[in-house]
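What follows is a structure written as structure tokens; I'll ask about it next.
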Amino acid sequence: MRTREIIAFFALIALILLAKYVLPHPMQFSPTLSLIIIILLSLTFIIIGVLTLQGKFVERRIVFIYVGAALTLPFFMQIELEVPISPEVQSAYDQIESLNPGSKILAAFDYDPPSAPELQPMADAFMKYCFHKGIKVIIMGLWPQGPQQAGQSVEAAFEDDPALRDKIRYGVDYVNLGFQSGNEFVILRMGESFKAMFPADIYGTPYDSIPILRNVKNYSNIDYCMNFSAGKPGTQEWVQGAVDRFGLKLSAGNTAVQAPMIYPYLQAGQLDGLMGGMAGAAEFEKLTGYKDKATTFIKSQSFAHIVVIVFIIIGNMAFLRGKTERKVK
Amino acid sequence: MKDYHRPQLLFQIFILPLVVILSLTSALTAQEQPVIPADSIIHIPAPTSNVVAVDYVYDRGETVELTWNLSPDDTIGGRIDGYELTRIEQSTGKMDTLEVIPAGISYYKDDKLTHGHKYAYLIRSVYFGAKSSPVSSNIITPSIEIINWRLANLFAIAFILCGSVIYFIAHAKKGKKLFIRKIAGLEAIDEAIGRATEMGRPILFVPGINDMDDVQTIAGITLLSRVAKVVADYDIRINMPVSRSLVMTTARETIKEAYIGAGRPDAYNDDMVRYITDEQFGYVAAVDGIMVRDKPATCFYLGAFFAESLILAETGNSIGAIQIAGTAQPAQLPFFVAACDYTLIGEELFAASAYLSNEPKQLGSLKGQDVGKFVAMIAIVIGVLIATLAELTGSSSLENLSEFMNRLFTIVS
Amino acid sequence: MKRKIPVLITFVVGSVLILSVFFPPIETWGEDFSIFFDIIAVFAFFLGGGNLLRIHTKKAIKRQKDWGFSIVTVLGFIIMLIAGLFKVWNDGGIAGDVAAPGSLFQMMYNWIFTPLGATMYALLAFFVASASYRAFRAKNVGATILLVASFIILLGRTPLGTYVTGWIPKSLSIFNIPDLAIWIMTAPNLAGQRAIMIGIALGVVSMSLRLILGVERTYLGVDNE
Amino acid sequence: MSWEQTFGIWLAAAFTLGIVSFLYRDNIFYKVCEAIFVGSSAGYWFVTYFWDNLYRKFYLQAFDPVSPHIAPWVGFILGVLMLTRLFGAKIAWLSRWPLAFIIGATAGVYMMFYFVSNAMLQIGASIKPVFVGSFGDIVSNVLIAAGTFCGLVYFFFSKEHKGVFGGAARVGIWFLMVTFGASFGYTVMSRMSLMLGRLDFLFGDWLRLIS
């Protein structure tokens, strides 16, 4: 253990104690204080710009500090941001909006905790919206942790509106069929029969004795499908396996890294709507009216984007500075 | 006699009011069902007609398609709920009521049959429990079709492509010289390894995080054999952490073979290839650790990568290594292009091992790929031209042609 | 003989599975392969797991550099194995669902596995910023286009974009940054995606044929005669 | 909150800080986190494979009291052949058979899968009239068709990138660069939200500094 590591350890302990017992819970900066912080940070950008022009290039760990600050500080600031709605999120929302009460949605949860920050807000808003609209939700997942994430969305819906706890009955208004391995082959098999792939739900109750699944044999017996995907297997496999082959109507929520790859399917009409990343989640929250985490996260994201944009500019200043230097030599 | 009356009495006192209350409450609570109209008791929906059962072609003999004319009552707001289907297996006479198809639909696909058995179907129009007399279909015996002619277009195009790949491979075997242009990313592999030899530092090879059941991983392993040959010749230390056990065994085979080929079988050691963990980010954490501690001169990332691509590339950059990446995951290409020195974009990953082998047979397959691209380019140009002209002129012959072009590339299974 | 049979297996299995798409009786063989593969992968894991244990115990015994951490890795591996295979603290006992809440396996998953995985993944927030700072420099035309496209999308996908160009009238809305960002995603981005996807498909076809025809055999440790 | 939950949260917070410390430099906290992660995740996946594949896919199917299946035995035998590598070089070559089987099957299955979904469908989707819809649509359609065409030209192997062909290839790489730039920009947002999830845990669940 080097001395620096020991010092860092104790400094951290002090910070934790300070945060736990000294600082007010929850800590909120007043709007004016927030503004002052923003202005101060913006000034430091100018200093870095000047340093770069003088040939002293900033190293990547400075970038890390700025990103950390840009993500963390807005948590404590009281400022509002207006969220524009993109067409693909609007059409995803319209599709669910057009379903009348009692219709059935297959909700495929194909992601895991590491990609939950982007997809969980979408799933929570989706679950709250379906429960309040009386739409019945059939949950399943092609990722081992997908169904657990779905359980969290159901819990979030109940916490948000406790009246739902007795109105929404498991097995009648929603069911969780759990995880099934086999990736795209599960999707193909479900085209013939859900029961073949999910003989029982996550609690072991046999398929046939679950009321919501009584006359649900395969895709032709459900009204819509929403897929939350963070990679493979995910939306691409659902399009190839279910939309192309069985004509299933599908919208999807994707992590922002997946979304660009899914645009061709949106363009070719194989996908009705697409929610991409945190912005997609914030837009969907705004459309469904259940504003939650995504709306607060979008603030931090905007600041982080500014940091990235500023450092791209600074990076190019360093490049031009380097070029003139090479010319001078 | 008295006892006879008592049950009736009981019935009137308890059961009848109960039924009335129940039907009232169910009428009130069940918003979905409209209130039962007075004349429904006597209305029996008209039966359907012309019920035809057809064997669904190109299947394993387990599917039959059923069509029928809608019942005369089946109009907007008509007094009909749907059609109840019953299947009768002729040999055993077993009757299964399938399901009630909603009104307005006159098609049903039954895929739970066994080929060779005889079946017939009965359809009754249904309206609030009242059923019409059954109309029966013809007797049908679903059979297995050997060839799925519906995929003829797919077969034709795949045949052209595979045929051209095989043709050029055979053509090259006869010693014909084939021209393949220089690909920057591939030329750089030798240069990057050279750098490792000068600096005497190891080479890191990461074959992606998918298992051997992914073509990108196989492409990564085939490229490993090219890199391993140079490593064996120049006696450079190769460090290959893998995320899958099957990839570990295959990679060991490949490197051992390269050392045998270079005449130095004793220099090979199984520990050059080490299993880390199947977990995506556990593997990345370990590889980052290896990079920062081992400080390899050259890093290869060739295979299937997902979100961890940039973690590896940025850490590799922070230790100043030359980085060559290649993947067929479109979502990860931007990060490799931004953070690595050379990137094999999608198709180039698969072409790389053929390109570097410089064997005529292998180069032949690249020519086959070009034929595929040529077909794709021609299809797009002609397809767009015809579709546009058909749109502008509206001439039916052009429209048929355009329809044909579209059907050529759509897969109906 | 040792080398001919594997090449023959690859050829037969490969061509049968290619043709299985066109012949309904054997249509589902592709799906059966995924089950075979999963079973083979479990056996292969004995080799992988064995390798992990061997390397780390050897490192610990010989006290090589960082040997202490090898002990931690071996312990983590063994504890997780015991917790999962014998379903420790699992209400359902040996027949219960391995990931049943309350079981040691699930607890270790939630407390160790998830935070480590999620945080490792989250490091990308920092790396994407440092990569942008370092790589997006207008070195040549291609790099400039990469920079400009990324710049517009960055602005467009957050409320920031609406502030900067909100004033542009509806008629010229294409130059309003959020709409421009969406247009870039749906038009030029789509063209590039398609070219890459078609290229990948052709690359896979060519490589699959090379493997099946035995032209590409290095994976089998088979030297090209 | 039960003591398990508090202990769990403190442990998770320690791991989160340990991993983030790697951004500064490689240190003892990161090494501990890495070692624990590698060990426990390897164990996790073996257990998952054991119950999902060996138990459910093989044992339950092969020894199903009602209708024992034969197919899983193929996987079992090939799996056992894999283990021959452990018993010396004399029979280790047998392990090449399952490898050959896997590679042959993967090549066969994925060739058609990629060809149908990536090539056929994408070419089919490109074939549509250009001069339709508003002026904006026309420009987009022309760009998509031209971009796809030039992108394919860039990937052409058997012709040098010279003259008109070279020009089309350069336009092709420009389209690819737009695609890469767009995807990169689009994903900056998702990466930031991942870190937001962790910060929300640290400052919310752990330190309770935010609601």
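By letter and in written order, the chains are A, B, C and D; residue numbering begins at 1 in each of them.
FYI, a contact is a pair of C-beta atoms (placed from the backbone, for glycine too) under 8 Å apart; a residue touches a chain by one contact, two chains touch by 3 or more.
Quick caveat: nothing in here was measured; it's all calculated off a predicted structure.
Contact with chain B and chain C alike is made by A, D. Distance between Cα centroids is largest for the pairing of chain B with A. Here the two chains linked by the largest count of contacting C-beta pairs are C-D.
Mean C-alpha position of chain A lies 24 Å from that of chain B. Taking the mean of the C-alpha atoms as each chain's centre, chain A and chain C sit 19 Å apart. Centre to centre, using the average C-alpha position, chain A and chain D are separated by 18 Å.
Averaging C-alpha coordinates per chain places the centre of chain C 2 Å away from that of chain D.
Annotation for chain D: residues 19, 22-23, 31, 33-34, 37-42, 44-45, 48, 52-53, 57, 82, 85, 96, 99, 102-103, 105, 107, 110, 112, 114-117, 119, 121-123, 125-126, 145, 148, 152, 155, 176, 179-184, 186-189, 191-192, 194-198 touch two or more other chains. Among all residues of chain C, those that touch two or more other chains are 21, 30, 34-35, 37-38, 40-41, 44-49, 52, 66, 113-114, 116-118, 120-130, 132, 134, 136, 146-147, 150-151, 154, 157-158, 185-186, 189-190, 193-194, 196-200, 202, 204-205, 207-209, 211, 219-221.
Counting only residues that touch two or more partner chains, chain A has 60, 64, 67, 71, 114-117, 144, 181, 244, 256-257, 260-261, 264, 267, 276-277, 279, 301, 304-305, 308.
Arrangement of the chains shown, judged by which pairs touch: all-to-all, with no pair of chains left without contact.
Per the touch definition, chain C reaches chain A in the complex via residues 30-31, 34-35, 38, 99, 114, 117-118, 120-122, 125-126, 128-130, 132-134, 136-139, 147, 150-151, 154-155, 157-162, 178, 182, 185-186, 189-190, 193-194, 197. On the chain B side of its complex with chain A, the touching residues are 32, 99, 111, 281, 306-307, 318, 330-332, 411, 413.
If you check the complex, the residues on chain A that touch chain B are 60, 101-102, 114-115, 192, 215, 217, 231-232, 244-245, 257-258, 260-261. Those residues of chain A lying in contact with chain D across their complex are 1, 5, 8-9, 12, 16, 19-20, 23, 25-27, 61, 64, 67, 71-72, 75-76, 114-118, 144, 181, 184, 236, 239-240, 244, 255-257, 259-261, 264, 267-268, 276-279, 293, 297, 300-301, 304-305, 308.
Within the complex, the chain C residues that touch chain D are 2, 5-7, 9-18, 20-21, 30, 32-33, 35-50, 52, 66, 69-70, 72-81, 83-85, 98, 105, 107-129, 132, 141-143, 145-154, 157-158, 174, 181, 183-202, 204-205, 207-209, 211-212, 219-221.
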